[in-house]
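Shared chain: chain A. Partners: chain B in the first complex, chain C in the second.
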Partner chain A sequence: MNRIVIVCVEDEAEVREAVVRDLAPFKPLFRIEAAEDVEDALAVLREVAVDEEPVGLVLCDHLLPGKRGVDFLIDLQNNPAYQTTRKVLITGQAGLDDTVRAVNQARLNHYIAKPWQPADLQAVVRKELTDYVLATQDSLIPYIAILDGPRLLDAIAQRG
Partner chain B sequence: MMTNRTLLAGFHDPDDRVESHMIEEIDAALGHPPRLDLPVGTMIFRQDDPLDGIYILIDGKVSLFQLIDGKEVIFHSQTVGRILGLLALTRQSRSFFHCRAVTPVTLLKISFADLDRALQQSDSLLVSFITVLLRSMARRNKRLVELQTEVLGLNKSLASERDTLARTLRELRKAQALLVESEKMATLGQLSAGVAHELNNPVAAIQRAADFVHQDLLQMVADLPDATTYRAMLDRSFTQAPLSTREQRERRRELATELVDEALAERLVAIGITDAAAYHDLVATWRGSAGDHITRLERMHQLGGALRNIVRCADRIGGLVKSLRAYARADHDEAVAINLHEGLDDTLRLFTNRMREVIVERDFGDLPPVRGLSGELNQVWTNLIANALDAMKNQGRLVIATRALPDGLVSVSVIDDGPGIAPENLDKIFNLRFTTRQGRVEFGLGLGLSISRNIVTRHGGSISVESRPGRTEFCVKLPVSRPDPTLSNQQEPEP
Partner chain C sequence: MKPSITSGLGPTKTIGLVLAIFAFFVPFFITFENLSEPGHRVLGIFMMAVVLWITEAIPLHATASLIIFLCILLVSDKAMLPLPEGYKAPTYSSFFYSLANPVLMLFLGGFFLADGAAKYKLDKNLAKTLLKPFGQKPANIMLGLMLIVAVFSMFMSNTATTAAFMAVVLPVIARLPAGDRGRIALALCIPIAANVGGMGTPVGTPPNAIALGALNKAGIQISFIEWMVMIVPFMLIVLVVAWQLLVRLLPTKAETYTVEIDATYDRSPQAWIFYVTAAVTILLWFTEPLHGIQSAIVGFLPVVVMLATKLISDKEFHSMQWSVLWLVAGGIALGDGVGKTGLDTWMIGLIDWQDMAPGMIAGALCLVALLFSTIISNSATANLLVPIGISLATSPEIAISPVASAIFIAIGSSLAMALPISTPPNAIAYSTGQVQTKQMALVGGIIGVVGLLIFVFIAPVAWNMLGLLAD
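Now for the complex of A and B:
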C-alpha cells in the first residue's frame, strides 16, 4: 500500500526531532519525512513523487534559511499536484502579514504557535489528515484506528 | 492782498520769535483777549469734540493722544507746537485728538470767526500764523515718520523674537523626544535585566537536572544485559549531531537495498546504524528477538538525543540570558574601562533571529579597553546594527570591524551591503525626526541615529557615514582614555 506522506520542514534539529517524535502515533500508517529547509523539502517531494506516494500534510516552520515557509506553502498551493495537501504553519515568528498571506494565498489550514503541546499538535494533525483521507481515499477503514474514527465511520455509512 | 511781503521772510526767524510775534499780532488785532490758566491734568478738549476755534498755547505743556483699545496712545507731546486744534482748523471739524495739560498751562482761545477777522486785519499776522502753522504741521509730520520707523523696528525685533521662540520650541521638542527615548531604553534595560535574572534559576535547574538524569541513566544502563551496546548508543546520540535529513534519506535508500527491508532500514538509520555489516555484527551478539533489541536501541537513542537537546537548548538560553544581562546591565552612571568586543558580541547575539540569512564577519582588531558607559555604547551598536539589517532586508553580508587608531582612538565600523543611502539624505540622517512616519528617511533611520550621535559625542567621540550602493559604513571613533567631563564628573580624578 502506498503510504500517505507527512512532510515536516524545520531548520533547527532539536525542534525538528521533537516534532517528528510527537508525530509518532501516526507512524504506523503514514510516512513521515523531515526536511531542514525548503530546498530539502523539494527534494523530499521529488523522492516521494518517484515512489508515487501522495503528500497528505505539510507542517512548515516560517523562518527558514533561504526561502520562507509561507512562500513554500504558496508555491505548493499553486502546484496542481498539491492542491489537496493540507498545509499547517508551525512557527513562533510569522508576523501578521505573512500569516494573512498564508491563509489567503496558500489556503493555510492551520497555524500552530511554538511552543506547542503534543496533544494539540496531534489533534490538529489528526483532523487535517482525516479531512485529507475523506477527500482523497476510497478505502477509509485502515485509518479508523489512528485518525478521527467516528467521522470516518459516518462517512463510510454515508458512502454505503 | 500784500505784494511787498512774502511768506518766506519769516522762515529765517527762530520758532520762538515767530511765535511771540504771532501772539503779539493776535493781541493787537483782537484787543488782548483774556488768557485761560488751567491746572495740570485738565482735559482741554476730547477726541471728536466739535471745536469752534483754536487754542494758542502760551505757556506750559500738553499732550495729544487717542484712546486705542481703551489705552491712551500719545501721538504728540514734544511735537505739539503752539496751536491746538490744528487738524480741526484745517477741516473745520471735530477734534482729532484728546488734549490734556501735562503741566499748568496758559491758553488763548480764539474762535474761528475772530481768527478770520484778525487774519484779514493784519498781513503780518497772516505771515506769522501760516509760518507757525506750517512749522507745527512739519514737526508733527516728522514725528509720524519717526513713529512709523519705530513700528518697523519693533516689528523686526518681534519677528526675530518669534523665530527665537520657534527655535527654542524645536530644541525643546528634540530634547523631550530624546528624553522619552532614553527613558524608554532605561526602563527596557531594567526590565530585561530583571527578566534575565529571573531566567537564570530555571536555566541552571534545567542544566543540572539534565546532568543528573544523564548520570542516573548511565547507571541504569550499566545494569542492563548487553550494557555495552546500549551505552554506546546512548553516548553516540548524546554527543553526536544527528545526520542531516538529506543524508538520512540517502543512507536509508542504500541500506534498504542492502537489507531488502525498507521498514527495517528506516528504523536503523533513524538510530544511526547506517551500514548492513554493523547491523549484522550487532545481531550476532543478541540473544532473543532482534525487533526487541532494536526497540530498546530506539529508546536509548531517543533518550540520548532528548538529553542532548535539553543540554544544548538550555545552554543556548543560558547564553542568551548572559548576553541580555550584559547588554542591559544597569549603568552606574560611571565611565569604566570597557572591552568593546564583549558589547558587540552581546549585541550581535541578541540579533540572532534577524541574522539567519546574514553572513556576519567579525573583523576585530586588537583593542585597548575604552572608558565609557557600556549600556549606552551597546545602544549605539544596537542602533547601527538594526539600521544595517533594515537596509539589507536581513540578508547579505554584515561586517563589524574594530581597529586601534593612532592618537589614542579606536574605531568601530558597521558595514552593510544594502542598497545604500541616497546622497541627498546622507547629511540629514543624524537629524532628529519628530514624526515617525513622514519624517523618516528611506530605512527608518529616525531617533536611533540621533541618539547614537548624542551618546558618541558624550563619550568624546565622533560618528560618520559613507555610503554607496552595495556598501554603507557607519564608523564610530572613540577616545580610549579621555572621558568627556559629563562622563567623568563622578570619577576619581585621573592620576
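Now for the complex of A and C:
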C-alpha cells in the first residue's frame, strides 16, 4: 500500500514543528512532509510523485516568502493530479480577498485560524483525510482506527 | 503522477508474477506420465492460478478472467494450439458460460437483497428489534449480537455485516474502561459471528457458491433449504461454542451493556417494495421442495424487481461487487478445465488413497481449506480445492460423497479466522485497534479447530441419518 502524503507548508520553523507534532496521531499510516516555502513544497511534490505516493492533504500557510500560499493552492487545484487533494489554509493573515480567492479558485476545504488547538487541527485533518480516503481508496479497512471510524464502517457496509 | 502498471507492486508481487509465468510453462516442457496433452496445459493454468491467488500479484478476479481466457485458448474447441486426436474439447462458450452460471445468478440475488437491506437500514432496524429480548447482561447481549450478525451474514456479505455491526459495538467498547477484556470480546464477536454465519446459506459467502457450482456441474442439485438444513444446526453449535469461549476467556467487569442503535423503520413506498420483495424471495428459497422453483431462478426475482422499480439506481448497479462473481466464475471454469481434460484423475492418482479412511480424507480436505484460507482469500481457496475435492469424491475407489467433500471445503474456508489477514471481517476488527493478533489467533484458532471437528466428525453422522448424502 502506498502511503498517502500530508504536506505542510509553513515558513516559521517553530510553527512548522508544531504542526508536524500535532499531526503525530496520523503518522502510523500517513507520510508527513514539511516544506518551508512554495518552492520547497514543489520539490516535495516531485519527490512524492517519483515514489508514486498520492498527496491527500496540503496544510498551507498564506504569508510565505516568495509565492503566497493561496496562489500555491490555486495552482494545485488547476493541476489534474491534485484535484482530489484536500486543501486547508492555516493562517492568521489572509485577508478577505485572498480567502475568497482560495475558496472560489482553489476549492479550499477548510480554513484554520492561527493560533489553533491541537485537538481542533486533528479533527479537521481527520475529517479531510476521511473524505479523501472515501473518494479515492478501494480499501478503507486500514484507516478505521486513525480516521473517522464510524463513517468508514458505514461506507464499507454500503459498498458490500 | 500517473499510476503505472508496476505501481504498488512490492517484491512479493513481482516474485509472484515471475513465479506464475514460470509455473504456467513448466508442464509445456516437462511431460508427466499418464497425463494427456490438454491435461498438461490445464496443469499449467492451475499452477499459475495457485501462485497468483496466493501472492495476489494481480487482483483475484483478474486471475479468474485469465483462467477463462487461457482455458479457451488452450483446451477448448477453438484452441490456438493443436489438440490430440480423440480428445473431446469442451466448447469455448462453455468456459464463457461460467460467468453466467446459475449459482452466480443466485449470488447476484443475494447482492441485491443485501444492498437493499443496507440502503433501507433494514439490518440496523431488525437488529434493534431483535436485540431487545436479550436484556442488558453483557454475556446475553453478546449472544444476541452474535446470533443477529450470523443471521444477517447468511444473506449479506460477511464484510458488510461486520462493518455495520462493528459501528454498533464501537460505542459500547468506548464506554468500557481501558484494559477491560470485554472490549476485546466485543470487537471479536462480530467478525466471528459474520464468518460463521456466512456458512449458513448458499448465498452467505462465495466459497458456498463455488461448492454448489461445482456440484451442479457434477449433476448434483442442492436446494437452498437443503443446504441450510445441513449446515445451520452445526453453524449454531459453533456459534455457541465461540460465544462461550469469548465470555470465559475474555470476561468483562461491567455489569451491563447498553447497545444504542439509532434507526427507525423506513416506511416509504420504496422501502415497502423492498421488504415485500425480500420476504417473498426468502420465503421462496425456503420452500423450494414445495414449489420446485430453483433457488437461482428465485434469486433473479429481486434483481428484476429492484432494477425495474429503480430501488437500485444505475450508479448502485455499477458499483456492485462484480469482482466477487468473476472470482467465483474463474473457479468454476478452472474446475471445468480440470475435469474435462482428465487432470483430476491424474492428480488423484498421485496419492494412494486406498489406505485412508473416508473420514480422514474428509478431515484432510477441511483442514487444508482451513490452513489455506487462513493465509489467502476464502474464495481463492475454494476455487483451488473444490475441483480436486469433487473429483476425489467421484472417483470409484474413494468412499466419500461429493456433497460432503465440496461442503467441507467451503466450511473449512469459512472457519479460517485466526489472523487479521484471514478474512476482511477480521481485518476490520483488527484495524479498530481493539484486538491484538495473538488474541485473535487464540480465539480464532480454537474456533477453527472445534468447528472442523464438529463438521467432520459429527455432522456427517446426522446427515446420513437424515439421508441427506444419498447420492
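Note that in this section the second predicted complex is superposed on the first by the 160 of 160 C-alpha atoms of A that agree within 3 Å, B and C clash if a C-alpha of one lies under 4 Å from a C-alpha of the other, contacts with A are read in each partner's own complex, and residues count from 1 in each chain.
We adopt the following convention: contacts are C-beta pairs under 8 Å (C-beta built on N, C-alpha and C of every residue); 3 or more make two chains touch, one makes a residue touch a chain.
What you see is a predicted model; the values in this text were computed from it and never measured.
**Q** Sticking to the clash and touch definitions up top, decide whether chain B and chain C on chain A clash or fit.
**A** They fit side by side.
**Q** Could you give the angle made at the Cα centre of chain A by the lines to the Cα centres of chain B and chain C, to the nearest 10°?
**A** About 160 degrees, rounded to the nearest 10.
**Q** Using the touch definition from the top, say if A:E36 reaches chain B (first), chain C (second), both or neither.
**A** First partner only.
**Q** Now for A:A123: first (chain B), second (chain C), both, or neither, which partner does it touch?
**A** After superposing on A, A:A123 lies clear of both chain B and chain C.
**Q** Given the touch rule stated above, what does A:P54 touch, chain B (first), chain C (second), both, or neither?
**A** Touch partner of A:P54: chain C, not chain B.
**Q** Is A:G160 contacted by the first partner chain B, the second partner chain C, both or neither?
**A** A:G160 sits against chain C, while chain B stays out of touch.
**Q** With the two structures laid over each other on chain A, which partner does A:P142 touch: chain B (first), chain C (second), both, or neither?
**A** Second partner only.
**Q** Give one of first, second, both or neither to describe whether A:A113 is in contact with chain B, with chain C, with both, or with none.
**A** In the superposed model, A:A113 contacts neither chain B nor chain C.
**Q** To be precise, I mean the smallest distance between any C-alpha of chain B and any C-alpha of chain C in the superposed model; what is it in Å?
**A** Shortest inter-chain C-alpha distance (chain B to chain C): 15 Å.
**Q** Which residues of chain A touch chain B in their complex?
**A** Of all residues in chain A, those touching chain B are 11, 13-14, 16-18, 21, 33-36, 40, 43-44, 47, 63-66, 93.
**Q** Inside the complex, what are the residues of chain A that reach chain C?
**A** 1-2, 49, 52, 54, 81, 141-145, 149-150, 153-154, 156-160
**Q** Which part of chain B faces chain A closely enough to touch in the complex?
**A** Touching chain A: residues 241-242, 244-246, 248-249, 302, 305, 309, 312-313, 353, 356-357 of chain B.
**Q** Going by the contact rule at the top, pick out the chain C residues touching chain A in the complex.
**A** Touching chain A: residues 1, 3-4, 7-8, 111, 114-115, 118-119, 123, 156-157, 159-161, 163-164, 166-167, 170, 319-321, 424, 427-428, 431-433 of chain C.
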